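In order of appearance the chains are A, B, C, D, E and F, and numbering begins at 1 in each one.
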Amino acid sequence: MKELEHIIDTALHEDIGIGDITTETIIGDTLFASGIIRVKEDAVVAGLAIAEQIFKRLDPGVKISYNTKDGESVKNGQILAKIMGRASSLLKSERTALNFLMRLSGIATITRLYVEEIKGTGVVLLDTRKTTPGLRIVEKYAVRAGGGTNHRFGLFDGILIKDNHIKVAGSIKDAIKRIQRAKPYHKVEVEVKDIVELKEAIRSGADIVLLDNMDLKMLKQAIPLAKGRVQTEVSGNITLKNIKAVAELGPDFISTGAITHSAKSIDISMKLTNIYRKEKK
Amino acid sequence: MKELEHIIDTALHEDIGIGDITTETIIGDTLFASGIIRVKEDAVVAGLAIAEQIFKRLDPGVKISYNTKDGESVKNGQILAKIMGRASSLLKSERTALNFLMRLSGIATITRLYVEEIKGTGVVLLDTRKTTPGLRIVEKYAVRAGGGTNHRFGLFDGILIKDNHIKVAGSIKDAIKRIQRAKPYHKVEVEVKDIVELKEAIRSGADIVLLDNMDLKMLKQAIPLAKGRVQTEVSGNITLKNIKAVAELGPDFISTGAITHSAKSIDISMKLTNIYRKEKK
Amino acid sequence: MKELEHIIDTALHEDIGIGDITTETIIGDTLFASGIIRVKEDAVVAGLAIAEQIFKRLDPGVKISYNTKDGESVKNGQILAKIMGRASSLLKSERTALNFLMRLSGIATITRLYVEEIKGTGVVLLDTRKTTPGLRIVEKYAVRAGGGTNHRFGLFDGILIKDNHIKVAGSIKDAIKRIQRAKPYHKVEVEVKDIVELKEAIRSGADIVLLDNMDLKMLKQAIPLAKGRVQTEVSGNITLKNIKAVAELGPDFISTGAITHSAKSIDISMKLTNIYRKEKK
Amino acid sequence: MKELEHIIDTALHEDIGIGDITTETIIGDTLFASGIIRVKEDAVVAGLAIAEQIFKRLDPGVKISYNTKDGESVKNGQILAKIMGRASSLLKSERTALNFLMRLSGIATITRLYVEEIKGTGVVLLDTRKTTPGLRIVEKYAVRAGGGTNHRFGLFDGILIKDNHIKVAGSIKDAIKRIQRAKPYHKVEVEVKDIVELKEAIRSGADIVLLDNMDLKMLKQAIPLAKGRVQTEVSGNITLKNIKAVAELGPDFISTGAITHSAKSIDISMKLTNIYRKEKK
Amino acid sequence: MKELEHIIDTALHEDIGIGDITTETIIGDTLFASGIIRVKEDAVVAGLAIAEQIFKRLDPGVKISYNTKDGESVKNGQILAKIMGRASSLLKSERTALNFLMRLSGIATITRLYVEEIKGTGVVLLDTRKTTPGLRIVEKYAVRAGGGTNHRFGLFDGILIKDNHIKVAGSIKDAIKRIQRAKPYHKVEVEVKDIVELKEAIRSGADIVLLDNMDLKMLKQAIPLAKGRVQTEVSGNITLKNIKAVAELGPDFISTGAITHSAKSIDISMKLTNIYRKEKK
Amino acid sequence: MKELEHIIDTALHEDIGIGDITTETIIGDTLFASGIIRVKEDAVVAGLAIAEQIFKRLDPGVKISYNTKDGESVKNGQILAKIMGRASSLLKSERTALNFLMRLSGIATITRLYVEEIKGTGVVLLDTRKTTPGLRIVEKYAVRAGGGTNHRFGLFDGILIKDNHIKVAGSIKDAIKRIQRAKPYHKVEVEVKDIVELKEAIRSGADIVLLDNMDLKMLKQAIPLAKGRVQTEVSGNITLKNIKAVAELGPDFISTGAITHSAKSIDISMKLTNIYRKEKK
């Protein structure tokens, strides 16, 4: 919560700074308005509550009512929300609110595409740490809105032993032992790049193995070998084209950074439909 | 500078939080390493100095030397930088540094494509405020690295009178008058959507007109009409496919949000090539 | 808004810190009071809303009603506002609220004197960046309350090319060219100290010239020369005595730092007129 | 220290924000310069070390050497300091550094005038809490540089019982008793407005009495009465004209808000005398 | 107030960070609950209002009603407060609220034991600066709740001249003189370790002497010697066993760090007694 | 790292605030000193590096050399570290540094006692979230220094399903299922209070069970039942007297809040042994 407040304050400050010189000069504080937020392409929506918080952080008097909710599919032209309040407040926070809504809906939309692709296989789609610096908490939320599941949030809440860790520890076995002793409360995931490493990870007590950048051929060998002994996560070069083929091999998880680092923003706009003067109480 | 420090601290904190449990447990503080940062697709680089600041913020002992510089084109496989320092420091800041480098290089790369497209026309490519919340300062930097020019940073440092402002003021003329009186030191830009509005903006003393969402046919009429009287910016639905045709009509500026809000990250990776123990002094 | 909150929090914290040891010990939380804020010399008021925010930041239960408003002239002895709320809250925020009100009214008052002096000439009085560190946003507000107009807020939102910039660029022409290319959206102001420089600035496309420290004789030559080609700002050694003579030469703007850096505070005091115990709900 | 860092960061940020658009565009990072800081009227200097910290906060490479020190009297035209470093750094922090130096020297200068006036009387000149919001720590420093002594910093580190406190407590005696019990480690000062109250304060065990807004006639009665029993502070309507007469009555302290709330800034300017290109190492 | 807000935010953030993964996953936002906070050993309560602020900071909708108040003695098993609100909010802030309540009640409880021990002697029990870093403001509050009195808050609001200060100043006399001149508004306390130093402190005008680590024999000599000339504070090796004997010697104050640095937490628990679904409005 | 910086800044600011009025007045900046930090009772040390950071944060010129290291047992009277630097800096940060060192050594010392008690049983001693608000990161570090192992840091990095969660989910089985789906990367721990719940937790796929407040008799039944199927943690009413008996029953972990919430501070003092004047360079 505090995290989100901080993100919102930073974003509003970045855009408004010492003031919106155009709006403050021309519009002043006495006008009120109502308007709509509309999507201009098909999408899965994410970020409505964040957009609301942005408008209200600037001006607690702004009111917003939703016509849909996060995680729902919407069609080009559909109205997402109605909004009303002081005209200057709406104009000053418009861009910041839309920038969040556009980006998060972009992530939810592409995530949904991947999830649909592997529907019925029982495989879980995971995200990665390849998120926008400073926005991970909201981008991981958008992944969930799109139907994905979150991998560890950061370096602090999950264990992933990579090649460099193994090199230092001497062997997969030693690396796992050290971490199990110090962090008995966490599952241990180990990144492996071939069958030899996979076997050692299984023998050494890994809970999950990350099959990194393996081609379909190697995956066909690796996944059955791991089945029932460790959970498996496939990662590397996953695309909308190949994810179904990978999923059909039966791993527990497939992870991809593309859903966060290369999502295209969804086009969303705000339009004031009515501007009026309100009696000051 | 303070802004950038804040962005970097937030991003490092987001990923590392209370500590990198894997690295701290297995690797400790006594090992050192050298490594390389390599690009895995053709790109225009941006963000090297920021990546350096990230590594050094975590550990001032890290050293980095560049093989290229921001704004240069690089080929798939090229080494961008060499890096050395405490192994745990490199591993802990790797993801944060790469996340910046990948995103900013993505922006620089797509910006360069647009700029190349209008080369020779004399038209200036501008960015917009459709940037990632919290990262505008670095994303606008990446636009410059790609060869673009920055439009106003935020609502506070430039004037843009839009339809809602005009509606409230009563007319374009009144809106411009108000702003000129209060902000005599700023150029005044006015958004117009047709020839009637364009003419009024010119008559009323606008310095720049934003020709918003006009099709080629209308632009063909509008731009010559404005020439020599006000500067012109074309905006809305600009793509790599149509930007050249628009530029050939001779506006002063073309602006597009796509270079920031929908840039795909460039694939960049870090690899430790050498891990060694160093005598403690 | 966030800026102002920050200024207020800093000021309250500076005065109250870990607590008002006198008031908290003697008065406690159960008493309420009403009182008045009164001006003790003729003045132009500025800062009433800020004072209100200060009282309410400490205690949202405080109520304030105004007898005047920012920008109005008031006479010695006049009541500016009535205030009521928890007695300890009023006493704890009194000094901080008055410190703002006294300083800002001081700025508004002296600004008004300058503005009155040049009334009817059509010349606009501008402030400078010679403001109290940390309080620029409220001091520039007080200038407007006094009838002045704000020059650029800081180094980030306006261009002013000074002698050092010119020295480095090689010539006024080159300096202007560089800045026009990089910042096409800003007006370009150039500081000139004699007629030669003025002519070069005009030739090179400056939008505004700052006639720096010129005596009346030189101004008489410079202003007509610039008329109709660039806007003119006169700056340096402006006093209440000479501003009218300067204004009559017909520049567009006259700027002076004295209205902010050497304004005398207006004497304003708060008095509790009634202290009573309120039933706790 | 942390307080001062915060003040400096706020001030630099306020002026520079997202960047000095003029200097960054025209000058870049490769030029170096040396220059002087010169006072343009007679003054007592204060703030040199703060100015230095400002320059170095922006750029640790800046070097400054002083020709005088805080608290010394300087003559119109005298050079206060020499400065050298990256040209852009000097230009970007110039205004902020000078704004501090001008204001603090203004306070030191007027304080010195008051102090000189009462020299030889043994009376101590005190400041008040009527300081610029957010700058109290540096303004109180400037008072000391001018030869004054600081009264309590804020509400948290000294006790001053005023009429409102007394009204609530029921009597001076009760107010003093309450505070002595809760804060046995602080001296107790009580504000009194006439001889009756003075006598009660003395009887009730006050350590210091503040003789508030008494005229010379009443002071002549009050001070001898208090002598040897409580310390006395005279406050209210103190001017350069009457302070000597008051001091000769023999109070322990005289306090005045004018030295902080109405000090005129001293005119101080920075000039770059030499700009050169330095080989990058 | 700002200090306390900061302490609460830090504590909540420390425990909850990016979210309570158990509660958010299993419980969601639609359930409400009521519960009780119960003490599990005899104690003096402190921290109820802080606990309330913690619950409400996370969720302003939480309601709490007290069955007792800070400073009261409670018996094992007694209910301290009833609480109701969103179930997830209660569970997320439970640990943080209890951690404060347990620690502060621990301090109040042990303080009360010391205070009871010296009841009737007229001696005041003081705390020290040996508090938990970051929590001094609330721990000093708990001391007051337990019946103790606060010594100076920190280095900034009270004077205590120790051996090192004296060594530098040359003599107790010189140290006192310097501080009296610079800080005329503070009482001066001097630490002395034997009768010689005590006599010098008295002669030199100390207001209070701290009799440091003296045994009963020396205290029997020192306290009568000081009586009526300076106030006396006994400090060092004070325990529940010896405090009465010390108090009977008649010092003004006895201080001990043990009441803050070695207080045992009181066992306090929260139990939800009723979980229900509430109609969303 | 950022967390620790923040803790240190907060603690220094809390004690020093606007300045150490005694030291700054009497000692000034020109004196230097060396000294020792000595322990005054037997202990296990923790916090040396933090104390060093505190001294250096205030003054980077302070030097410290250790005679021992964190986690080592020291005897009453032993010197922990030697310290040298500006005398005023040492005195100003002394209390803050010692407050950390005393508290953290207190935690390490009591933790060591518990750990010694169960030595050879193979059982791991865990801490809890009953830490001092704001200091968890350093207190958990002290637990490790004492030989303990950390349980989850907060609500965000580990799963613990308690009775309230189960009540809401409907059954242990349902609670586990929900969490496994959403957080596949975490081990799942479930709190159980009797054998029936234990059996359900095992059946439902828990990774760890927390045997809460069970007496020895029930533990004797529970632990063998769980062995080989889930890991077991015993919690509740663990004391130095009974921990060995519990450990001999063979659980995987025993956890206790007492090592953090009720640790007594270790008595540690700093003494300046040499004060001297240093030539200013």
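Keep in mind that, in the parts below, a contact is a pair of C-beta atoms (placed from the backbone, for glycine too) under 8 Å apart; a residue touches a chain by one contact, two chains touch by 3 or more.
No experiment lies behind these values; they were computed from the predicted model shown.
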Any chain in contact with chain C as well as chain F: A, B, D, E
Self-contact between copies chain E and chain F, residue sets same or different by half: same
Most distant chain from chain C, judged by the mean position of its C-alpha atoms: F
Centroid distance [mean C-alpha coordinates] between chain B and chain A, Å: 21
Computed distance of Cα centres, chain E from chain D, in Å: 34
Centre distance in Å when chain B and chain D are each reduced to the mean of their C-alpha atoms: 45
For chain E, residues contacting two or more additional chains: 16-18, 137, 153, 156-158, 182-183, 186
For the chain C and chain E complex, residues of the former touching the latter: 9, 12-13, 18, 58
Chain F-facing residues of chain E, complex: 6-7, 10-11, 14-23, 25-27, 31, 33, 87, 91-92, 95-96, 99-100, 102-103, 106, 129-137, 154-162, 164-165, 167-169, 175, 178-179, 182-183, 186, 261-262, 264-265, 272, 275
Chain A to chain E touching residues, read off their complex: 1-3, 137, 153, 157
Chain A residues touching chain F - in the complex, by the definition given at the top: 124, 149, 151-153, 156-158, 181-182, 184-187, 189, 207-208, 231, 252-253
